[in-house]
Structure formats: C-alpha cells, structure tokens
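Both of the next two complexes hold subunit A, though its partner changes from subunit B to subunit C.
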Partner chain A sequence: MIAGLSRKHLFFVLVVIAALAAFPYFGGDFRMNQLGLFLCFVMLALSLDLIWGFTGILSLGNAVYFGGGAYFVAMSLKLKYAATNPARYGSGIPDFMEWNGLTEVPVWMRPLESIWFAAPAGVLAMGLLAFVFGFITFKRHIYGVYCAVITLAESVIFEELIIEFQAYTGGFNGITDYGSFSSNTTFYWIILAVTVFFFWLARKITTSHFGMILQSIRENELRSEFFGFEVANYKIFVFTVAAMMSAVAGGLYAALNGIISHQEIGPLLSIEGVIWVAVGGRGTLIGSFVGPILIKGAESLLSEQFAWMWGLFVGLMFIVIVVFMPDGIVGTLLRRARRRRALAEGRAPAYEPAVVQAEETPTV
Partner chain B sequence: MAQAIFTQFLTGFSIVAILLIISLGLAVIFGVMRVINMAHGDFIMIGAYVAFVLQGFLGLNLFWGIPAAFLVVGAIGLVVEWGLIRRLYGRPLETLLATWGVSVVLQQGIRLIFGPELRYVRAPLILDGGIHVPGSNLPFAYFRLFIIILALALLFITYWLLYRTDFGMSVRAVNQNRPMAEVLGIDTRRVDGLVFAFGSGLAGVAGTILAPIKTVSPIMGFSYAVDSYMVIVLGGVGRLLGTVAGAAVIGEAETVLAFLYNNVIGKLLVFTVIVLVIRVFPQGLFTLQRR
Partner chain C sequence: MASYILEVRDLVNTVSGHTIIDHLEFDIEEGELRVLVGPNGAGKTTLIEIITGRYRPTQGQILFQGQRIDGRPRHEIYRLGISRKFQVPTVYDNLTVFENLSVALRGHRQVFSSLFYRIDARGAGQIEAVLAQINLLHRAKDEAYTLSHGEKQWLEIGMVVASDPRLMLLDEPTTGMTREETDKTARLIREIARTRSVMVVEHDMSFVRQIANRITVLHQGQKLAEGSVREIENNPRVAEVYLGRTKISAAP
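Then we have the complex of A and B:
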C-alpha cells in the first residue's frame, strides 16, 4: 500500500484530502485563506515532527528556516511588485528601501527579482544553513537541552538581524503590500498538494529502514552509535530535510499571507510549532495536522473576544498536555485504540512506554 | 577611540555582573537537575516588578527590593518546582517545554495585573553620580559599581553555600551522582526544591537591579535568559569558574562589539564564536562532566 498505510487508513486519508480539496466550494474565501495558512503551519509541524517526534532533536529555532524561505519569496514578490508598479512608490524600488535611503535595489539582491530563482534559492539556502548548523552541533554530540538552547539563540539572533537591517528586510514592519495569492483557489490547491506530498514524504521516511534508525536514535543515542550507525550523519540529514520542508512551507505562507514580519522567523513561532506537535502528538505525523489546525483555529475563533485570556489559556494547556498527556491528542488516542484491540483479541497489550523521550546519555 | 573602548569595557563589567547573577542561578539549577528553566527570564521580570511595586506603592527604595525579590521569586520557584518540575523528573526536554508554559502564564499574569505598559524604577539616590576612572572618558556610575559589588557578594555566597556548608556538600553530591547520593541518604527532592528556589531567587535579584537600567515590562527578561543559556553552554556545568568565565566572555564581548559595530552584529559574532568554541570543546570551557 502507499506509504505503508493500510487500506482502511488510506481510505481515511483520501477522504480527508478530498474534504480539504473541496473546502473552497463551501468554506468561502476567508476560511479558505485561513485554512491555507494553517496548512503551511501543518507543513512546519510535519518537519518538526520528523526531527523531534522521530529523531528526538528538540529544536527551538525551526522558524528560522520557515521565516527564511518566507523572506526570500516575499522579497522577490516585493521587488517584482515595486518594479512593475513604479508609480506606487515613486522610483520602482520597495518602499522600505526608499525610506532607508536606498536609491536602487542592491546588486546582490537583483537575482531575487525572479520568483523562479528566489523560491528555490530560499529553500536551498535554508537547507545549507541547516546542514552547516547540524554539522557543527551534531558531529560533536551536542544534544538534548544544549541543542534546544543553541537553536533558540539562533532564532533570536535571526529575528534581531531582520529587525536591524531594515533597509534590506523591511525591519520591524516586515515586508508588506506585495500582492498576495490570497483568495486564489488554484493557489490553495497548490498548498494542499504540497502538504499532501510532504505528508507522503514524511511517511516514506519514517516507515523506511532509515526511519527505524532515526527512532532508535531517539530512544537511545549512545546505543545506536554502538550498533555502528553514524548517528550524527542521520541527524544532519533529517535536520536538513526538515529545514527545507519548513522553507517551502514558509515560502507558500508568504505568498498566501501577503505580509511577512520578524515574528515568522523568531523564537515565538519556533516554540509555537513545538507546541502544535506536542498537542497533536509527536511521532504520529497525523498529530501535525491536528495540532496546528486545532490551536490556530481555536485562536482565531476565541482570541478576538478573549485576547487577554488566550495567552494564559495556551500556557496552561501546554503545561497540562506536557505533564498529563505527553503523547498528545493523536498519540493518546492511538495508544488507547491499540490497547483495546489487543485486549479484544485476547493478547496482553504490548509494552509501550508512556513517554518516548531521548534520555540524557549517562555520564561516561 | 581607545578611551571610548576602555569606557565600554568598564561598562561591560556591570553587564557581566548582571549576567553572572542570572547565570549563577541557572547554572546551579542545571548542574543539579539537568533542567533548563525557560521561565528564568520571567523570574527576572518578576523581580523587576517587585522593585516597581515596592517603590511605586510603598515608597521603599531599591535596596529593599533585593531581599524582597529574592524571597518572592524564590517562593514562586519553590512552587513551580514542587508543582511541576518534580513531576517531570528524568524528562529534561519536557521540563523545558513545561517551563515555557510557565513563562507564558507568568507573562500573561503580569500583563493582566499591571497592564502592558512600560514601568520605570529609580536607582537609590545615594548611588547617584559616579567616580572618574583614569583612562575612561565618562564617569563610572556608582550604581554600576554597586551592581558589580553585589554580584561578587552573591558569587561569594553561592560559593560558600556550595563548598562550605553541609547543604552544599549534598548539592554537589547530587550534582555528581544522583542515585548514589540518594543511596547515601541525601533527600534529593529537598535538594532539588531548595536549589531551584535559590536559583530562581537569584534571577529575582537580577531583575531588581536591572529595573533602573532597563524599563520594566512583561517581556524584559527573555533576552537576558537567552544570554544566560549561552553562558551555560559556553562555560559548562559543575564549576562556578565556568559560569564566571562564560558570563565574563559573553558580557564583555557583547558590550564592546555592540559599541564597535552594533548590538545585533555583536550578538551574532558572539553566537558564532560560541558555536565554534563548542565545536572544539563540546563540554564547554570549564566542566567536570562530559556532556
């Protein structure tokens, strides 16, 4: 069967995809745009699930790659928009460049005018960044909380860089007004198609032998290494792939949203992504759909009336999920279902640790 | 130019001092519990609000804020440890995430109570003015001198607690080998709780002395917390020397580089250097334990 799904599960997945594809016909433009953005978050969550849920690398900086991809695309669209509507800002360069005293687009930024160059370049650049970062940290056995705080710092610094170099990035205001693809049904379908492709890719990776090795790294890094696997290489590879997935998601997000700012590259989105995966259920992939759509959906419904309470609610919910439901929503449901099936068939339920978590390797 | 750089270098000492107080708390907690407290920055923030409340509502000066913040934030730390972290024992990454939830709750809570606007706290009047240091083109503020002395005092107290008391001996024992310490009859839970409260209290003190330098707001602590995580990464754990060295390198480098280029470039350079350093010394510059 496709990507290791049983017939029943495949049917379920196809129904969900069909429902999502038909959504523009009954959801209306506003909800369709919203769902499109949520799907971009789903892709970010999928990439986080690959590295955290399956490999056990907690990265608190993956918004760097999401935001990086987004900035490449937004910049490209903005340059194009400014060049084709010279009357709008006076001199055919983006408004924020003009405000900061630039008279023309810097030479090194020129190639970005073509979206066909900018979008792939963004994805490759983020892949390269992740590769270099992974090479430095994973090769030296930097893992666990160390990895988390270093990636967090990375994210903080990228956000500050974006704010600082406002002549080239739009600074605090971000890049706005570049003509987006919102309310475009075809573009929504493109996003959906990419999401489905990423889901398939993530399934493919995690159900393969390669995926088994990733999970063994998550369970016990030291032991996997003793078995002869070059753990660092596996981690670098999956980290790079996840970064490129995030970059694609970010690019689509920028094109759909029509505005991009430093928040999309900073620690807030990075950690929010981790929350989505934790709430949905890490290591399940399906949880990466449930988490962002549930949380972002609830946020857009509730935070308009209860903006004050929303932050408090998210924080408390997160604490409760981490402490009492470490498998997340989907993970808990799956475990219960498996247990029930085993009991119904008269078998003892398989031993499953409630928490799948890379432990600190004991001090040597 | 050299004079200006020297001035920055001197100013850097007060930044180092603040970073040292923050990182001391974090390092002691991390050493014993192997836990990174993501709410550490918000403990700093609460310390600053304690100073604000004492000054704004009770008219007490900043000196009162220091013990008050230590007690208030220490108590909050005790509650967080008892209610949350203890339940997640042996799951360092999840503790990190749960404390991030605490961070969100604390920020929102403060915002609900005090509103989102910036608050200001005055330094004590006695500490107005400064002394002239030869070779520097600006007087060195008494308040900054006070911060440095306070940091040294807290460093000494921490050292004394860890190396000269029975309690410190059990802390170090838990740090080196938790199961063994437990076997030998050390109440590790009590050690955990007290260490966490002490480390949180230090963050509170840092917040109080930061209050007159920075504006007080619900999000003021985050960037300091991130810097102190880097101190841990650079300095390693298990020895106070590592924390001191880490704080000194990061605080000074950021201050001087921020002056020479700008704030962000300074941070970027420091971060790059840290990443390269841990490539060579993965366990940090000074450490007893392998990572």
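Then we have the complex of A and C:
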C-alpha cells in the first residue's frame, strides 16, 4: 500500500485531500487563502514532528529555516516588483533599501532577482545551514534541554540579524508590498500538492527501517549508540531534511501572504510550531495537520467573534488538551485504538500500564 | 596458548581523585563464559563502560582480538563485535517487542543503507528465532513498556543476541527476576554461550553456580581471585571481602 497506509487509512487520507482540493469551490477566497497559510504551517509542523516527534530532538529554532526560505522568496519577489513598478519607487529598488540610503541593489543580491534561482537557493541554503548547525551540535553530543536552548538561541540570533540589517532585510517592518499569489486557486493547489508530497515523504521516512532507528534514538540514544549506530549522523540527516521542508513551506508562505517579517524567523513561530505538534500529537504526522489547522483556525474564528478574549480561549484549549491528552489529540486516539485492538486479540494486560513519555535524555 | 578475545592490560580509571579501577589485568578466552562478581563499588559496571567506550581509561589498554579498542567511539566498538546489556534493563519503551529486536538486528547501521532497507524474510526469521529463545513470541506486537521487569531483561538480552556480537557483556541479567525466571535465564545464557564469548556480571551466587565455569572476583578495582566456582567459594580472601562471611554462597 502507498506509504505504508492500510486500505482504510488510505481511503480516509484521500477523502481529506479531495475535500481540501475542492475547498476553493465552496470556501471562498478569504478562507482559501487562510487555509493555504495553514497548510504552510502544517508543513512546518510535519518537519518538526520528524525531528521532535520521531527523533526526540526538541528544536525551538525551526522557524529559522521556515523564515529563511520565506525571506529568500519575499526578497526575490520584492526586487522584481520594485524593478517593474518604477513609478511607485522612483529608482526601481525596494523601498526599504531606498530609505536606508542604498541607490542600487547590492551586487551579491542580484541573482535573487530571478525567483527560479532564489527559491531553490533558499531551500539549499537552509539545508546547508541546518547541516552545519546539526554537525556542530550533534557531533558534540549535545542533546535534550541543552539542544533546545541552543536552537532557541539560533532563532533569536537570526531574528536580531534580520532586524539589524534593515537595508538588506527590511528590518523591523519586514518585506511588504511585493505582490502575492493570494486568491489564486492554482497556487493554493500547488501548496496542497506540496503538503501532500511532504506528508508522503514523512511517511516514507518514518515507516522505513531508518524511521525505526530514529525512534530508537528518541527512546534511548545511548542504547542505540551501543548497538553500533552513529546517532549524530541520523540526527544531522533528519534535521537537514526537516529544515529544507520548512524552507519550502516558508517560501510558499511568503508568496501567498504577501508580507513577511522577523516574526516568521524568530522564537515565537518556532515555539508555536512545537505547540501545534504537541496538541496534534507527537510522532503521528496526522497530528501535524490537526494541530496547526485546529489552533490557527480557532484563533482566526475566535478573533473574528471576540475582540480580545479569543487569546484566553486558545490558551485554555492548550491547557485542557495538554492536561487531558498528554499524547496530543491524534496520539491519544491512536493509543486507545491500539489498546482496543490488543484487547480484542487478547494480548493486552488487564490493567492499563502507565504511559511512558519519551525521555529527553538517556536514562542510564 | 589459548587465544584471548579480550585482554585488559594495566587498566586504571580514576574519577575526580577516586580510583575505580586499579591496575586491573584481566583476560577472557575465545568462546569462554566468564562470570564477574564482586561487592558493590568493585568496578564491575565501570569495566563494562570502559570496554564499550562510554568512559575512557585513565591509563592502560584494552585489546579485542588483539586490536586496541580503548578510547574508540562506541559505535565502532560494537561494529568490531562487542555488544552489551545495561544494568537497568534498557529497551525502547514505545516500540513493539518486534521493533526493538529489528533495531538491534545485525546490519544496516549506516544512514543511507537503513533508509532503503526493509526487514526481509531472513531477518524476520532471525527475530522470530530470538523471540522463541527469550519466550516473548506472544508479546511480539506489544509495546515494550507493557512488559514486566523480567520480560524487559529478556528482551534486552534478546536484542544483544540479535545484534550478533562475538563478545557479549551482560550486566546483572537476572536482577528483579523470580527464581523460576532466573533459572530460565541461566539456561538461556548457557545456550547463547555455545556460539560466542560471554561475560556476565552477577551477584546471585546460585545463578552464578548454574552458569559459570570460571569466575573472576573484583574488589576495589583489582582482581582479587580467579578460578572455578569451587575455588572461589573456598577462597578465604573472597569470603572476607564479602562482609566476613565464611562462604560467598551466603552473599545476597
């Protein structure tokens, strides 16, 4: 079966994809654009699930790669837009460059004028960055809380850099007004197609033998090292793949949203991503759809109804889910289904054993 | 002269001024089943940690089949042929029993080879053989966290078997087991030891008597005595370090 899904599950997945694909016909442009952005968050969540849910690396800096991919695309579109709309910006260079005293686009930024160069370059650059970062971190056996702190610092540094070098990044205001692909049904479908592809890819990775080794690293990396696995290599690989997925998601996000700022690269989005995965269910992949769509959807609907109270409702929702469903929504459902099946086959013990949380650090 | 699978030469390990292993000389012959005993703090587990690459020795050498392995990375030491069981049973709690064994199964340790590897009929057959050996065939589909303590011990021993080493280091394989489970484990270890070298660290003397040909007694990081079960049990110095008892068989 495709990507290790049973016939029943494959049918379910196809129905969901069909519903998402048909959405522009009944949802209207506004909701379609929103859903497109949510799908970009889904891809971010999928990449986080690979590294956190399956491998046990808690990264609080995954937005760096999302934001990085987004900045490459936004910059490219902006350069193009400014060059082709000189009436608006007399000199044909982006407004923020002009405000900061530049008279022409810096030479090293010129290649970005082509989106066909900029978009792949952004993804590759983020892959390279993740590889170097992963190499330094994982080869030195930095794990658990220390790894989380380092990735958080990475995120803070990049946010600061974006704000600081405003002549080249748009600074605090970000990059705006570059035209976008919003209300474009074809572009929405492209986003959906990429999301489906990433889901398939993540399924492929996690259901392979490699995926099982990733999970063994999550469960106890010391045990895996003594079984001959060079744990750092597995982490570097999955961290790099996840970063490139995030970068693609960020690029699509920038093109759809039409505005991008330091928040998309900073700790805020990084941590939001972690919350989405936790609420949806770590290590389930499906949870990466449920988490962001539920939370961002609720945020959006509630904020339309309640002027300021909506934040409280969303906060309350987090707390309720984390307290009553520590495995997340999908994780809890799957665990129950597994137990039912085990009971039906007469395998499960009469008592429910305590839920074992994946250890952040080796226990022995 | 018998050929040695493991040679420990003048090994010293000090941790913040305390000497844990003190100029230890120690050998295991090819194909041997050796039991290591000694009171708490004798350095038994530390010795395993140094052999498998968790700690570096302060001084001295460790040779595996004549080749120096001290200070080498853990995964390389496994690949040369040494696999170990932890003192506290250490399995992958949220993976099924079958999956636990398939991770441990020999082969496919590289990132790219594991990406495209699927367990074939031969691999599955090997896992089932191990499952039968450790009496966990009926639990194959269950997550490891649902196992009892004794079953986890067996699972980890099974994982070490599946990883197919030349030398197996088993740290306290019967801790927390009932008498009956301990007897089963003794049979299991004797069976395993027919085809490879095994070193077992254990406290339980009745268990030791069931499996051992040759015992090494460690005390304060040094080799106190070495010999057959009979020799060790009648050794007055050994009896002395076991809290002045007349026979170590009375030890816990």
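Just so we're on the same page, the second predicted complex is superposed on the first by the 326 of 364 C-alpha atoms of A that agree within 3 Å, B and C clash if a C-alpha of one lies under 4 Å from a C-alpha of the other, contacts with A are read in each partner's own complex, and residues count from 1 in each chain.
Convention: a contact is a pair of C-beta atoms (placed from the backbone, for glycine too) under 8 Å apart; a residue touches a chain by one contact, two chains touch by 3 or more.
Quick caveat, the model's predicted, so the values are computed rather than measured.
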{"item": "Touched partner set for A:Ala278, first subunit B, second subunit C, both or neither", "value": "first"}
{"item": "Contacts of A:Val156 with subunit B and subunit C, given as first, second, both or neither", "value": "first"}
{"item": "Between subunit B and subunit C, more extensive residue contact with subunit A", "value": "B"}
{"item": "First, second, both or neither for A:Glu104, with subunit B first and subunit C second", "value": "neither"}
{"item": "Touching partner for A:Asp29 - first (subunit B), second (subunit C), both, neither", "value": "neither"}
{"item": "Touched partner set for A:Met212, first subunit B, second subunit C, both or neither", "value": "second"}
{"item": "Partner chain in contact with A:Glu230 - subunit B first, subunit C second, else both or neither", "value": "second"}
{"item": "First (subunit B), second (subunit C), both or neither touched by A:Asn220", "value": "second"}
{"item": "First (subunit B), second (subunit C), both or neither touched by A:Ala342", "value": "second"}
{"item": "Where subunit A meets both subunit C and subunit B, residue numbers", "value": "358, 363-364"}
{"item": "Subunit B residues within the subunit A interface of the complex", "value": "30, 34-36, 84, 87-88, 90-94, 96-98, 100-105, 107-109, 111-112, 222-223, 226, 229-230, 232-233, 262-265, 267-268, 271, 274-276, 278-279, 282, 289-291"}
{"item": "Subunit C contact footprint on subunit A (complex, rising order)", "value": "205, 208-210, 212-213, 215-216, 218-220, 222-231, 233-234, 237, 338, 342, 345, 347-349, 353-354, 356, 358, 363-364"}
{"item": "Parts of subunit A lying in touch with subunit B, wherever the complex brings them together", "value": "58, 133, 136-137, 139-142, 144-146, 148-150, 152-154, 156-157, 160-161, 163-164, 267, 271, 274-275, 278, 308, 311-312, 314-319, 322-323, 326, 355, 357-360, 363-364"}
{"item": "Subunit C residues touching subunit A - in the complex, by the definition given at the top", "value": "52, 54, 73-75, 78-79, 83-84, 86-88, 90-95, 99-100, 102-104, 108-111, 114-119, 138-139, 141-143, 145-146, 159, 163"}
